[in-house]
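Both of the next two complexes hold chain A, though its partner changes from chain B to chain C.
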Partner chain A sequence: MNRKYLKAFLLAVTVIAAFVVMHYGCQESKNLTAGDEAGRVYVAPGTYDEFYLFTSGGFSGHIGVYGLPSGRMFKVIPVFSQDPEKAWGYSEESKPMFMTSHGFIPWDDAHHPKLSQTDGIADGRWIFINGNNTPRIARVDLTTFKTAEIIEIPNSGGNHGSPFLTENTEYVIASTRFSIPIPNKDVAIDSYKENFKGTISFVKVANDGEMDVAFQILVPGFNYDLAHGGKGPSHGWAFFTSYNTEQANTLLEVNASQNDKDFIAAVNWKKAEEYVAQGKFKTFNTSYFRNYFDEKKHMGFSEEKKTVKVLIPEECPGLIYYLPTPKSPHGVDVDPTGEYIAAGGKLASVIVVHSFSKMLKAIENKEFETTIDGIPVLKYESVIGGEVTNPGLGPLHTEFDGNGYGYTSSFISSEIVKWKIGTWEVVDRIPAYYSIGHLCVPGGDTKKPWGKYVIALNKITKDRYLPTGPELTQSAQLIDISGDKMKLLLDFPTIGEPHYAQAIPSEILMKNSKKIYPIEENEHPYGIKAEKDARVVREGNVVHVYMSTIRTHFAPDNIEGIKVGDVVYFHVTNLEQDWDIPHGFAVKGMQNSELLIMPGATETIVWTPLKEGIYPFYCTDFCSALHQEMSGYIRVSPKGSNVAITYGIGK
Partner chain B sequence: MQMKTQSKIIVIAASLILVLSFFFPIWYIDLEAPQYPEGIGLEIWLNKITGQKPHDLNNINGLNHYIGMKEIVPDAIPELKIMPFIIIFLIIFGLAAGISGKRSLVYIWIVLFFVIAAVGLYDFYMWEYDYGHNLNPHAAIKIPGMAYQPPLIGSKMLLNFNAISMPHIGSWILVASVILAAIAIIIDKKNTKAKNE
Partner chain C sequence: MFNYKLKSKIRYIFVFLSVFAVVMLFTACGDSGENDTSNQNQTVNKTNPSGLSDWELASGFGPVKKKLNLGPIDKTMAAEGEKIFESKCASCHKLDERYTGPAQRNVLQRVTPEFFMNTVLNPDENLEKHPHSKKMLAEYMTKMTNQNVNLKDARALLEYFRVLDEELTNKNKSN
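Up next is the complex of A and B:
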């Protein structure tokens, strides 16, 4: 009897143990990568990565710069968000970059970095990125890795579908995520269907990069989501996804998910240019800002613009068509040949791929289902090129490898699905950890993808890294696509949410990277070219300090005659002309930030001393063996005292 | 003694190639240190001192101030103003020797050449000595017994820098010129000998 129990007990223990081993074994297996993966991502000390990877910081408002395949981070470029480390948004020179029609906005949500293109291929001149919340587009100069320009998008409720490009960077394009009354006004929210409209914007990019809102198209009040310019045969067209064609204004998760199909808007922008040239636009009064940074003056400038040209589809036949697309489509991605337009219907069971040539034929034959506000809706069967079945749940975005395959991210099933263009069959799939949003193949949305890798840009990381309290790191994953089977090589953490990313071969960028700003070209009105010009000038209660830095001292480094209540401008010029020798500047009790001044640049920060006393200042960026000695004193006297302005060094 | 046409032409050529020495540095000093993977150094020309890269001279002066070395200010070095005239003199003298065809003039030219070169190198050495030894007593970095004179030719460790001093293309042009002059004389001697026999 006892033996029987014992046997049964032992059997039970064995079975449980087997299940436990199996259970943990299975859990382990997802973390295992076998073979030479470590070697594939190893970039030996002192050698360079093959690609630069630019990741958007999402809600951090920055851009992260990484190397591939190592996943090493090189830089965080502040764009829409203030960065006290670099005085971005704190220095007098950078403050104008944050101006909008809503005043100074210190933050934004930056989603889609986009490398400038020539003939449909990334050329390495600039990278654009959108400000999602207060609608803006920024242009970052890739010789300095610094934000060069930020333009506000008027008549937009949120700039998500942006900044996508035409083939030669003729335009950066944008579409409004939220429809709003245009021009904006005080109405009842439930008057949505009557009052709310959307806009699609074309921002002209000049040869020197200067951006200008060329024209907008007023479109029905849907939510416009993402976009892509055409290429090759479809150059001259641009494609925009929309959802909430139900026009719901509350509980969108249900109310905007009712229609089986929403639309991709196909815009003939060459036609739009003709209409603009013919004067068939309406001029809308509005207000938006263009802010740009003058590299010679080392200073940002802000200008307000008051009008914008708007095209109305009803008055401009042939300007825009709707392609019915299931269901609440998110990404719209044009393949390298320019013929196929893949739609990530985030609630759809298939990936729909439209055919550009079929679309042109359908337009020619007027195969329209209906017309909405003057926009013909093409018949679904007439434009469909193919459907990828079983693409995973929640397909969002597709990039291409240039070898005839598309790679689609599926958010809900947390995987990347590889499929063949033309046969539309799924040939491979690989899990992502976890909840992949965008994905990036180097050059994967251009005419000539460089391929090699796909980078998964994930929304959550859960157990992938050491835990850091409730807030965990964000992460990207590097996957090899050089063989038939995708192969996970590396997880690497990122700054902010790596919402989207673009990669470019290092050799294109690194040769153009600036080492210094030539001091002889410095045109800053408060800059100085030599230490002998350093001085302190009082103008009423405003004091201008013309200061220089060179290893290893400030000039002047003793300043007296400052009084409580003065407004003190420190204009600090870094006279160094040597690579990688910035100097920092920080004053005890300064209420804003430090300065970090690049060789040959001038930066200004304002200080209002509140109490009398002696205030040390020092260099914050370890610059040389005598960095600790690089310091000085400011004497602050009471208001109304008669201590004269004196200054000097080495006396 | 009068030289044959062949040798005259060689002497004229030897003089004329000296013109090229105006277009190349005569000497260079490379400074190698871990923090300068991109290199930093000086080039000494007949009439100027420059950095190897646009800002090298300023950066070297910046580094030198830590050890109290005087600033290298090319405009303050009189030799750089004299040297071009000396080379022009050599060119004219050489042309005169070649055109006149007087072998004795060529001998004198070669001797002058060596004297000038020797004086030039001695002068260069003295400048290096002065920069390396005449240091500001208030310098931040003072190492007892340490001087910072770069070598005239060859390499030497100066604190964290390995200083390498070598002739540049300009020097090789001068050497080629004097060798040509010597060849002219040797050929002429052979020709005369052959004729006499």
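Up next is the complex of A and C:
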């Protein structure tokens, strides 16, 4: 009996021990799997990431710059929003960049970064991004990672569907999310169907990047959502999704979800160019601003434009067609060959893929269902290339890997679905944490994707990170797509909402990155090229301080003769000519921001002292061992005092 | 368990290879540094604790790799050099007083023309390797900055200081 019990006991102990060993063994191997993934995203100290990733900052109005695969953040590029760190929107030079027909606007909602292309391939010259709220498009120069130009889009109720490109960056294109009366006027909101219109805009991009609204197309008053330019065979065309073809003006979540199908608008922009050349446009009076930054003068300029050319579809046959597309389509994405146009129907149960060649045939054979305001609606069956069934709930956006697969984000079921072009079968799926919106394959909307990763751009993180109060970080997720199965490698937080992102191999950008602004090329009207030219000049109650910086002093660093109520302009030139040596500048009590002056640049900040006394100023960017010594004093005397302007250094 | 062992083996191999790669990298860097001056006087001064060659000690590190053939002073070039000095150097160097860096009028009585140019053109490497540059840094506490001067401009700067040097020499003679 006892032996039997002992045997049973020993057996039980052995079984338990075996379980324990197996359990911990499993844990261990799980950890090791995680370690393996860590190795895939590990970029050793001092070495470089393979890709730059540019994420929109969403409602922060900035662009975030990250490395892939590490997810390390390198820079925040201020675009539509003021940034006191870089004096963007505070310095006298950058203020003009914020001008609009609604005045100075210090913020916007930035959604879609878009790398410039040559022959349908990302070329690394610029990145464009849209201002969603007050319709604008910005161009960021990728040699300096600085916003070079911002153009306002006239006759637009909201610039969500922007900035998309034609394959040689001939145009950046934009469509209005909200329809409004055009020109805008005071009408009853429920006169929507009668008075509200949409526009599609083509903004010409010159070789040096300068943007100009070439023409607009006046379209029925739907909500235009997203777009993409054609490529290869479809070069010369551009595609725009629309929803709210019901033309509801209230409770859109219900009232704009009634129709089984909305439309993709296919625009033949080469045809549009012909119509414009033939003079078949109407000139609309309007007001919009173009703001640009002159890199030699280190200064922004604003110009107001008063007219725009508008094409009316009824007067321009062959300009635009509607492709019926199920249930409030959102993204419209053209595959690398240029033949297929994938539409993410937010409320649809399939991903509809239109065929460009079938579309051309249907146009030729006039296979039209009906015509809306002069725009022929093609028959669905005549243009459909395929349907991806079971794509997850709420398919939104598709990017491509260049190996014959599409990757579609599904918002409601929070996953990425991989499907095969041609057979339309779903071959893999992976969850996203949580609520994925856009997704990004490096080069994934171009002719040549670098299809190694897909990045999920998520709206919500919930429990993925340490809690930080009611607001949690937003995040991106890096997923390996080099094998048959997608594999999650890394979560990394981002600034603002990473609404959309684009990535490009580092080697394309690195070699063009500017290190300094040559001081001999500085044409700033208040810049100085040598410390001996530093001076203080009074003109009435305006005082100009021509100041220089170099490690480790300002010149001048003692200034007297400033009076309460003076308007003091500090024009600070950084005489350094060495990479990564900006200097900062801040005066006690200054009401705006610091300056952060790059090597060889001049920047200006204005200060109006309110009280007499002594005001220290100092360098805010740690620059050398004697950084703490890099400082000075300004004496402010009462209004009407007779203290003369004097200044100097080292005496 | 097999996986575990295999993976740790792979990991060890990986670590070993990484260490090997890093060692190789450093060795390679060291080699190329010496190769830069290999066509020069390779006599290493055994009594010199820095381990630099005579050429390196006299001329520093930089693009000037052989003795300059100076010739008579070119006044036009010197005038150009003076302008460059005003714009790119004078924020830190005065001619006759200590400022951010040392006074410069007599610089050519302290260093060779080659050392002068190499320091202007390549301050970072000299600060890292050359005992004289290191000594100056210890004294002035601010690194000589790279002012993005090209070879032609550095030569013009040298010409400017040759003029100043000649003036100094003449003055001393007349005293």
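We take it that the second predicted complex is superposed on the first by the 616 of 651 C-alpha atoms of A that agree within 3 Å, B and C clash if a C-alpha of one lies under 4 Å from a C-alpha of the other, contacts with A are read in each partner's own complex, and residues count from 1 in each chain.
The criterion applied here is as follows: a residue touches a chain if its C-beta (ideal position, glycine included) is under 8 Å from a C-beta of that chain, and two chains touch if they have at least 3 such contacts.
Just so we're clear, the structure is a prediction, and the values are computed from it rather than from any experiment.
Chemist: Examine A:532 and indicate which partner it touches, taking first as chain B and second as chain C; both and neither are also allowed.
Modeler: Touch partner of A:532: chain C, not chain B.
Chemist: Between chain B (first) and chain C (second), which does A:551 come into contact with in this model arrangement: first, second, both, or neither?
Modeler: both
Chemist: In the overlaid three-chain picture, which partner chain does A:626 touch, first (chain B) or second (chain C), both, or neither?
Modeler: both
Chemist: Applying the document's definition of touch, where does A:36 land relative to chain B and chain C: first, second, both, or neither?
Modeler: A:36 contacts chain C only, not chain B.
Chemist: A:47 contacts which: chain B (first), chain C (second), both, neither?
Modeler: Neither: A:47 stays clear of chain B and chain C.
Chemist: For the three-chain arrangement built by superposition, which of chain B and chain C touches the greater number of chain A residues?
Modeler: The larger set of chain A residues in touch belongs to C.
Chemist: In the superposed arrangement, does A:516 touch chain B (first), chain C (second), both or neither?
Modeler: In the superposed model, A:516 contacts both chain B and chain C.
Chemist: Give one of first, second, both or neither to describe whether A:577 is in contact with chain B, with chain C, with both, or with none.
Modeler: both
Chemist: By the touch definition above, which chain A residues appear in both interfaces, chain B in one complex and chain C in the other?
Modeler: 516, 550-551, 576-579, 624-626
Chemist: Tell me, which parts of chain A touch chain B in their complex?
Modeler: Within the complex, chain A contacts chain B at residues 516, 550-551, 576-579, 624-626.
Chemist: Within their complex, state which residues of chain B touch chain A.
Modeler: 38, 54-55, 58-59, 62, 66, 140-141
Chemist: Spell out the residues on chain A that touch chain C in their complex, using ranges where they run on.
Modeler: Contact set of chain A toward chain C: 25, 28-29, 32, 35-36, 39, 44, 516, 518-520, 529-532, 548, 550-553, 555, 575-579, 581, 624-626, 650.
Chemist: Flag every residue of chain C that touches chain A in the complex, lowest number first.
Modeler: Chain C residues touching chain A: 1, 3-4, 7, 11, 14, 18, 86-88, 90-92, 99-100, 141-143, 145-149.
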